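Both complexes shown next keep chain A, but they swap its partner, so chain B is in the first and chain C is in the second.
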Partner chain A sequence: MLLDVHDLHVEFHTRDGVAQAVNGVSYGVDEGETLAVLGESGSGKSVTAQAIMGILDVPPGRITGGEVIFRGRDLLTLKEEQRRKVRGAEMAMIFQDALSSLNPVISVGDQLGEMFTVHRGMSKKDARAEAVELMDRVRIPAARERVRQYPHQFSGGMRQRIMIAMALALEPALIIADEPTTALDVTVQAQVMELLAELQREYRMGLILITHDLGVVADVADRIAVMYAGRIVESAPVHDIYKAPAHPYTRGLLDSIPRLDQKGRELYAIRGLPPNLMDIPPGCAFHPRCPMARDVCRTDEPPLYEVTESEAGRGSACHFWRECLHG
Partner chain B sequence: MGRYVVRRLLQMIPVFVGATLLIFLMVNVMGDPIAGLCGERRCDPATAARLEKEFGLDKPVWQQYLTYMGNVFTGDFGTAFNGQEVTELMATAFPVTIRLTVIAILFEVVVGIVLGVVTGLRRGRPVDTGVLLLTLVVISVPTFVTGLLLQLLLGVKWGWIRPSVSSEAPFDELILPGLVLASVSLAYVTRLTRTSIAENRRSDYVRTAVAKGLPRRRVITRHLLRTSLIPVVTFIGADIGFLMGGAIVTERIFNIHGVGYQIYQGILRQNTQTVVGFVTVLVLVFLVANLVVDLLYAVLDPRIRYA
Partner chain C sequence: MAEPRGGTEGRPAPATGFEKGAGPAGEPILEVSGLVKHYPLTRGVLIRKQVGAVKAVDGVDFALGRGETLGVVGESGCGKSTVAKMLVHLERPTAGAIRYKGEDVTRLSGKALKAVRRNIQMVFQDPYTSLNPRMTVGDIIGEPFEIHPEVAPKGDRRRRVQDLLDVVGLNPEYVNRYPHQFSGGQRQRIGIARGLALNPEVIVADEPVSALDVSVQAQVINLMDRLRTEFDLAFVFIAHDLSIVRHISDRVGVMYLGRIVETGTDAQIYDHPTHPYTQALLSAVPVPDPAAREHRERIILTGDVPSPTNIPSGCRFRTRCWKARDKCAEEVPLLAVPEVFREAGGPAAHASACHFAEEKRVVP
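Showing the complex of A and B:
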């Protein structure tokens, strides 16, 4: 296993109290595998990623437990300087909004080249040549000329390609893409996603794709982990989930996708709102919104049950997963 | 860029004319230009008339102004009533004030920005609160109090420095006056940098820089500082003009014979030519400093392009 996150806990200490952002998340990614992490805003999917990368804002954030085993060592026990050398070189991150995530006053060539000068000790000139090659690889036209330009001179799609190029620069083993296409036009989304998937296959990288777009997931992901209130509620190979979800929340998400054959009918939406992370409901955190909730859901927190009817490792944190799977 | 500079230079003309005309009118029309010529007494009418004719004061004001400006552009700022050429006064006064300003700007840039970065990165910690309180004190206490106090303590009581600057005004003697002159602006630069750093520290591109595995030092100096300094540079640039002309108080305290001192003397003795001449040059300094700031802005922030 390339990356093995085990029982990760993250809290945020704010003036109003302690927000339990991540509550015992475990997931793993293999070489060349794509894991899609799904969930609403505030489900803890980005925070988990930031904890893995080691870019959590501390304080207010704090990792209170768990392990992040990457290539055989627990990143959480490493010293910051060792951690820094892993970042960017062995694992890299792609952010949602490329315009604000790229430095507005440094040319894209310098921002790309920096990876090589800092991590590889290359000369500025060689780094510049590498930058041009990277821009070529993510198919930015006229890379040689545009390498001197600044982020605001590129279109949204091109900017996101630059982010991807930056993440790929040192051929990391793992890439975490945090909603890489959310800020883009729909037509550009597909191109960028395709490019990312293609490069991932080429380099055999592990990819964690954080998204709330179920459409994107079906095409590129191998496995899906669905998060709710800082926990994984369902984890399964992508086809199993689309065929039959084993958790009512996953079912709710799937039912919320607009479908052509239901044209004219009212769109389905999961009722209620995600819980306040400072006051997560006892028992199953989803029970106030769950159509299947019973008394036991209000008192007993469900563990991640192994879904025995599926051959590949599949888990559901629902007391009534069997019912959900067949119902 | 070239066209922008030309346009800006053209825009300077009306500002320059307006500002100089205003000061010319204030001194020549509202004041009495020959009042200071006959010592303590008022001039007797015959002498006054003779003097007025000699200096062209009997002509209409607009004509006086045009003649004056015409002379200025040939490098003739006229003669002070004591017979000294105004340009001569400038040649002794400006180098001193420029030295003083350089020292003050250095204090602002080095001390102000360092303090701003340190406090901005440690917002809410004791260092931050301490520096913040200090800047508040510096801003609220007038310069003449800070200046006199430091002069008394360092110069008179402890004898670390000469309480009054010698007539050549070398750099080392100007350090304390420079600090006093810079003090208020220094406090503003600190606060401005602090706010800017604290704000940008949470920005997405700084997070990206960290995620790229850059060393902390590089994240701060290359990614955080450059964007954060944009407003600070604007402030410091505008401050150059202010420091050059606004040194009157500081120069008086430390007996420095610079621009502020000469203007003060000029006003005191109703020495029209001196006052108008110096102010004209200061207006130019202001205008040029502002242009340089705006051009520097484009260098620091490539999103700004002048066309």
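Showing the complex of A and C:
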């Protein structure tokens, strides 16, 4: 396993109290595998990624437990200096908003080149040549001329390509992409996702794709982990989960999206609202919104049960996963 | 300003696909023709000179029937939000007419305009910035009554506001709370209640659910669906999410770079698209079904949308179109039922602004 996150806990200390953002998340990614982490805002999907990358804001954030085993060592025990070497060279991140992730007053060539001057000690001239090659590889037309331009001179899709180029620069083993195409238009989104998938295959990288879009997940992921209130509620190979979800939350999500290929009547709507992270309901965090909830759900927190009817490792944090699977 | 390309500005006469039979049944409640919005680009401080224009909307026609929902889809920058703003008179059109029950709203002023505006209300995209944080929910929803006091006499307003809260599924007791005490979905309900306050006949909703989480999105879509039957509302529903538009719309218009390029019923557009842009747009939408991955044909467009300051000659989509030929650069395609389909009829016979329109099924 390339990356193995085990029982990760993260909380945020704010003036109003302690927000339990991540409550015991475990997932793994193999070489060449794409894991989609699906969840709504506040589900803890991005915070988990930040903890893995070591870019969590501390304080107010605090990792209160767990391990992040990457290539055999626990990143959480490393000193900041060692972590900085891992970051960029061995794992890299692509953010949603390319415009605010790029420095507006430095040319894209210099920003890309910085990866090589800082990590590899290259000369500025060589780094520039590498930058041009990277821009070519992510198919930015006229790379040689555009390398001198600034972020605002690129379109949204092109900027996201630059972000991908930057992440790829040092050929990391793992890429975490946090909503990489959410800010883009559909036609551009398709271009960027295709590019990302192709590069991932070529370099055999592990990819963690964080998204709220069930369509994007179905298009590219191998496995999927669904998060709710800081926990993984279902984890499964992508085909299984769309065929028959084993958790009522996943089922609710799948039923609540309008479909392009059919004009349905009323949409299924999950009732209520996602929980307040400062006051997560006892028992199963989803029980106040769950159509299947019973007494045990209000008191006992469900572990991630192994869904025994599936061959490939599949888990569901629902006491009644069997019913859900067949219902 | 010299216009080198003869055909671009010369807009087609009324034959725009909304001729009899193609449009909504009965007399349209709202009819837009030749709608144009150009924002001038100027240079110089003392001597200002117009050097060009951002052609945000460049000739849009459509009609909206009573109680009908028209979906408008398009990518960012295609002008769909500018159309919305002109419909509710937040922007003045550079040219064209917006007829409400036959009367051109763009020529009205004073009392007459105010009366029309009462009947066309808007729901905004961002429920976080479209509500004043220092006003209570009661004041926000009741504010339209200040401007149109004839709708609700003063003593009756609080009750009216509470009724509206109830209609959109919020607790009427919340009338004294502030926007920050609500979630995104609840705020959008407040925005909808405000839009309904004056009993309008038309609601223009600009990306009303795109800022919401998936599970909450469905709640708000269902609410709007219910309200339009309950209040017999006509909707102009603007969104970039094609699945949502299909779900809610009776008819759909696809916009590209300031113009509608294809329009028809939802089945015509989604199951029988004939314009290459619509086909590319539909094929790019991720479908939540991993089994569709292998057998689905993707049309990946190259390049980006051209700048609206410099719109390509002829067909504005030709720079990204895989079918483009010489004719496309020379002649502006009109939004009309393409000749090839005119006689045969069937679902492919709907308005499509392409010289080489061809039916292609792209949704699995």
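Methods note: the second predicted complex is superposed on the first by the 323 of 327 C-alpha atoms of A that agree within 3 Å, B and C clash if a C-alpha of one lies under 4 Å from a C-alpha of the other, contacts with A are read in each partner's own complex, and residues count from 1 in each chain.
Heads up, the rule we're going with is that a contact is a pair of C-beta atoms (placed from the backbone, for glycine too) under 8 Å apart; a residue touches a chain by one contact, two chains touch by 3 or more.
These figures come from a predicted structure and were not determined experimentally.
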{"item": "Clash or fit (per the criteria above) of chain B with chain C on chain A", "value": "fit"}
{"item": "Chain B versus chain C as contact partner of A:62, first or second or both or neither", "value": "neither"}
{"item": "Contacts of A:252 with chain B and chain C, given as first, second, both or neither", "value": "second"}
{"item": "First, second, both or neither for A:9, with chain B first and chain C second", "value": "neither"}
{"item": "Partner chain in contact with A:102 - chain B first, chain C second, else both or neither", "value": "first"}
{"item": "Which superposed partner A:88 touches (first chain B, second chain C, both, neither)", "value": "first"}
{"item": "Partner chain(s) touched by A:239 [first = chain B, second = chain C, both, neither]", "value": "second"}
{"item": "Superposed model, chain A: greater residue contact from chain B or chain C", "value": "C"}
{"item": "Chain B versus chain C as contact partner of A:322, first or second or both or neither", "value": "neither"}
{"item": "Touching partner for A:137 - first (chain B), second (chain C), both, neither", "value": "neither"}
{"item": "Which of chain B and chain C A:71 touches, first, second, both or neither", "value": "neither"}
{"item": "CA minimum distance (chain B, chain C), superposed complexes, angstrom", "value": "8"}
{"item": "Shared chain A contacts, counted only where both chain B and chain C touch the same residue", "value": "none"}
{"item": "In the complex, chain B residues that touch chain A", "value": "202-205, 207-215, 218, 222-223, 226-227, 300-303"}
{"item": "Touching residues on chain A, where the partner in the complex is chain C", "value": "40-41, 155-158, 185-191, 193-194, 212-219, 221, 238-239, 242, 252-254, 256-261, 263-264, 266-271, 273-274"}
{"item": "Complex interface listing, chain C residues touching chain A", "value": "75-76, 183, 185-186, 213-219, 221-222, 225, 240-244, 246-248, 266-267, 270, 280-293, 298, 300-301, 304-305, 363-364"}
{"item": "Residue ranges of chain A in contact with chain B within the complex", "value": "53, 55, 57, 84-89, 92-93, 95, 97, 100-107, 114-115, 118-119, 150, 152, 166"}
